[in-house]
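Each structure below appears as structure tokens.
The following pair of complexes shares a single chain, chain A, combined with chain B in the former and chain C in the latter.
On to the complex of A and B.
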């Protein structure tokens, strides 16, 4: 039985028994290199569900502001499952509200620039999958497929270290060129499982934290603030950077903060252990107090 | 925050966070005076301004 068949069977079972109100998974998109998220409400529609090398979208973001009454079945890769842990820790979701079917993931393929249909194995891996630390789901009720061997990904911090070597002016020039591109579509925020505030500070336009103008100064303000807001909670799913239409290296900023937090508060991997409290979400008497 | 500013190429001395109680008026005054002097020495901040 292929994973797709197992997914479909599991979805039918959950919907038929009434365990869940609906299922979120992936279906084949318009193009051969696209698999898009799909909500399945009837068992008869469960045949839409698939699993292939293009199920890149993280599904956890669809559970932000989930109705308390609803129960949802969800297929999760490693990155999706970390998003779920994030939401549960942030009290956006109760664990009982989700039935998680874990799928170990070998990495998704990027078909950007591919014209002719080819075997997915010939395509390069998505950037976020190259840097992925947790290909196996960290939280699930049931696992479909065999766990993937976890490789050492400590080199994912290399581009942060490279950039740190530059002079302040060179760093400024580098980021100014990146932020200049930003069109402030907020796709990075909308897809982020850590950005689960009911009202984001950028939308509080009457308060005026963030001016709406799209220029370098405001873009800088937005990106630094966004990074600080997810500090210590970013689960490294990489969705922000993948979805960025302007190819801004958003994960480079997130990883900088992850590195700093590891250094200041001890090693911590956000979104992995449901019981471990985020370093910035608790107080310890031995916390570093640089500013006191 | 200072480390983040440094990462994007802004002088971290421009940002200070201090924990001062409401009863520590003198400490507050001293801190702000010191910060003002430090920043004056650094000169105007051109980097976070709108450069249009």
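On to the complex of A and C.
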């Protein structure tokens, strides 16, 4: 059986038995190089579900603010599964609310610029997949497919190392040019499994933390606040950057913070181990405190 | 017909620069958008750019007045709207139509928006037709002519090696006379725009049908995968909702208007805390109802020009063309 067939069979089984209220997976999108999230509520609709080289969307975002009464079946790649761990650790989701079908992932393909239909293998990998550290699901109830060999991805920090060579002024210029582009659509925040606040500070319009004007100062305020807020919790799914319509290299900020945290508190991979507490979410007596 | 060789576009823009600042579609800082022309800029004319020229006439953030509020001493100063002549060159027919739609919103029905009007009155639109559609283009299905749309002052029509040049307004005729030395007489033929991957049978009956679909279960399904970001509304050349906000530092501040998105949680939140569109379903429904029903009811025009920007950039492939299909197929009780 192909993975698509296994997915469909599993979805039918979960829906028929009444184990879950609905299933979240992927279906074919508008174009051949597009697969898109789909919610399946009836076993008869399970045939929509597919698995191919374009199932790039991370599905964990759909579990943010999930109704306590609901139970959902979800297909998870490595990145999706880390989002689930994020939500459970942040007490935004109960483990028993989800049935997780893990799918090891060989990376998704990017068809940007390809007009003619071609074999997916001829297309380049998506950037977030090139940089992916955990292609295998880190949490699941059942695994479909064979685990993928994990490659060393320490070079994903190279961008940050390059940026660090710049002078403070040059760094400012670089980031100012990036933030100038932001249209504040909040796709980065809305897709992020670490952005799971019940009410985002941005939306606390009466308090006025974040002014609605779209200018450099306000854009910087938003991006720096968000980066600091997901520090130590970013699971490196890369969805913020991939979904940004303005191509702002958001992951460079997140990775800079990951590097800082690793250096200060020891190596830590967020969203991998349910039991491992986030470094910024705990206190140890031997924590570095040179700022005191 | 008058025509100009494609190799002479730079000279043409140079000539237009005598009229005022010329905005041209170009790559800037990694994005494609309309920005002031300078000599040597690579002008993008073979496809549409990511950001529509909406921002030139209706800026994302626009100061309206500034104020001082120091106990009983208050003063309000209006912000002068720049009334400088400008030209938008290279605007595609879909975006020309979207400007026409913005005109309806900001200039008709007994209300004139000074901020918009001042800029629009000082703007010349020089459109450039499309020979080839992008995969996400569907303008022809939305009743837009990919070569030339009403609303441009001067229309350049793709004829292969050259552009046919037609004046469409009085201002356009004056402009045509000024650039006459660059033009030649041509018997060339307009090229049929090719490459459309999305073609459907218009939206006849859809605005009417939607009148009976406010409570239809279709919205429960359509909204599910939307992540409630504002990418579609902010990239859309026809979305024109705005909010008025202030920024105050100490005793001084200013009020401005800025784009707003019906996808956002505070959009329909009222004073007192009641939200008339409390969830994603109502917000997504509003977006499509506005485009396909309310706007046609008010202005007799669809509020979608088929530019395909939302389709290209929606993170989760919420596809207005498919939704139109779903609406057509939907069963409605009682007709």
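Convention: the second predicted complex is superposed on the first by the 292 of 292 C-alpha atoms of A that agree within 3 Å, B and C clash if a C-alpha of one lies under 4 Å from a C-alpha of the other, contacts with A are read in each partner's own complex, and residues count from 1 in each chain.
The rule is simple: contacts are C-beta pairs under 8 Å (C-beta built on N, C-alpha and C of every residue); 3 or more make two chains touch, one makes a residue touch a chain.
This is a predicted model, so every value here is computed, not measured.
Student: Should the pairing of chain B and chain C on chain A count as a clash or a fit in the superposition?
Tutor: In the arrangement built by aligning on chain A, the partners chain C and chain B fit side by side.
Student: If you stack the two complexes on chain A, which partner ends up touching A:57: first (chain B), second (chain C), both, or neither?
Tutor: Only chain C is touched by A:57; chain B is not.
Student: Which partner does A:163 reach: the first (chain B), the second (chain C), both, or neither?
Tutor: In the superposition, A:163 contacts chain B only.
Student: Does the superposition put A:246 against chain B (first), chain C (second), both, or neither?
Tutor: second
Student: For A:106, select first, second, both or neither according to whether it touches chain B, chain C, the two together, or no partner.
Tutor: After superposing on A, A:106 lies clear of both chain B and chain C.
Student: Return first, second, both or neither, reflecting whether A:173 touches chain B, chain C, both chains, or no partner chain.
Tutor: The answer is first: A:173 touches chain B but not chain C.
Student: After superposition on the shared chain, which partner residues are touched by A:215: those of chain B (first), chain C (second), both, or neither?
Tutor: After superposing on A, A:215 lies in contact with both chain B and chain C.
Student: Taking the superposed arrangement, what is the smallest distance in Å from a C-alpha atom of chain B to one of chain C?
Tutor: Minimum C-alpha separation, chain B to chain C, in the superposed model is 11 Å.
Student: List the residues of chain A that touch chain B in one complex and chain C in the other.
Tutor: In chain A, positions 213, 215 sit in both the chain B and chain C interfaces.
Student: Spell out the residues on chain A that touch chain B in their complex, using ranges where they run on.
Tutor: The touching residues are 160, 163-164, 168-176, 213, 215-218, 220-221, 224, 227-228, 253, 256-257, 260, 290-292.
Student: What part of chain C is in contact with chain A in the complex they form?
Tutor: These residues of chain C touch chain A: 29-31, 50, 60-61, 135, 197-198, 221, 224-225, 227-231, 233-235, 243, 245, 247, 256, 258-261, 264-266, 311, 313, 315-317, 319, 321-322.
Student: Along chain A, where are the residues that touch chain C in the complex?
Tutor: Counting only chain A, the residues touching chain C are 29-31, 34, 36-39, 57, 61-62, 115, 177, 180-181, 183-187, 189-191, 203, 205, 211-215, 239, 242-243, 245-247.
Student: Within their complex, state which residues of chain B touch chain A.
Tutor: 1-11, 16-19, 47-52
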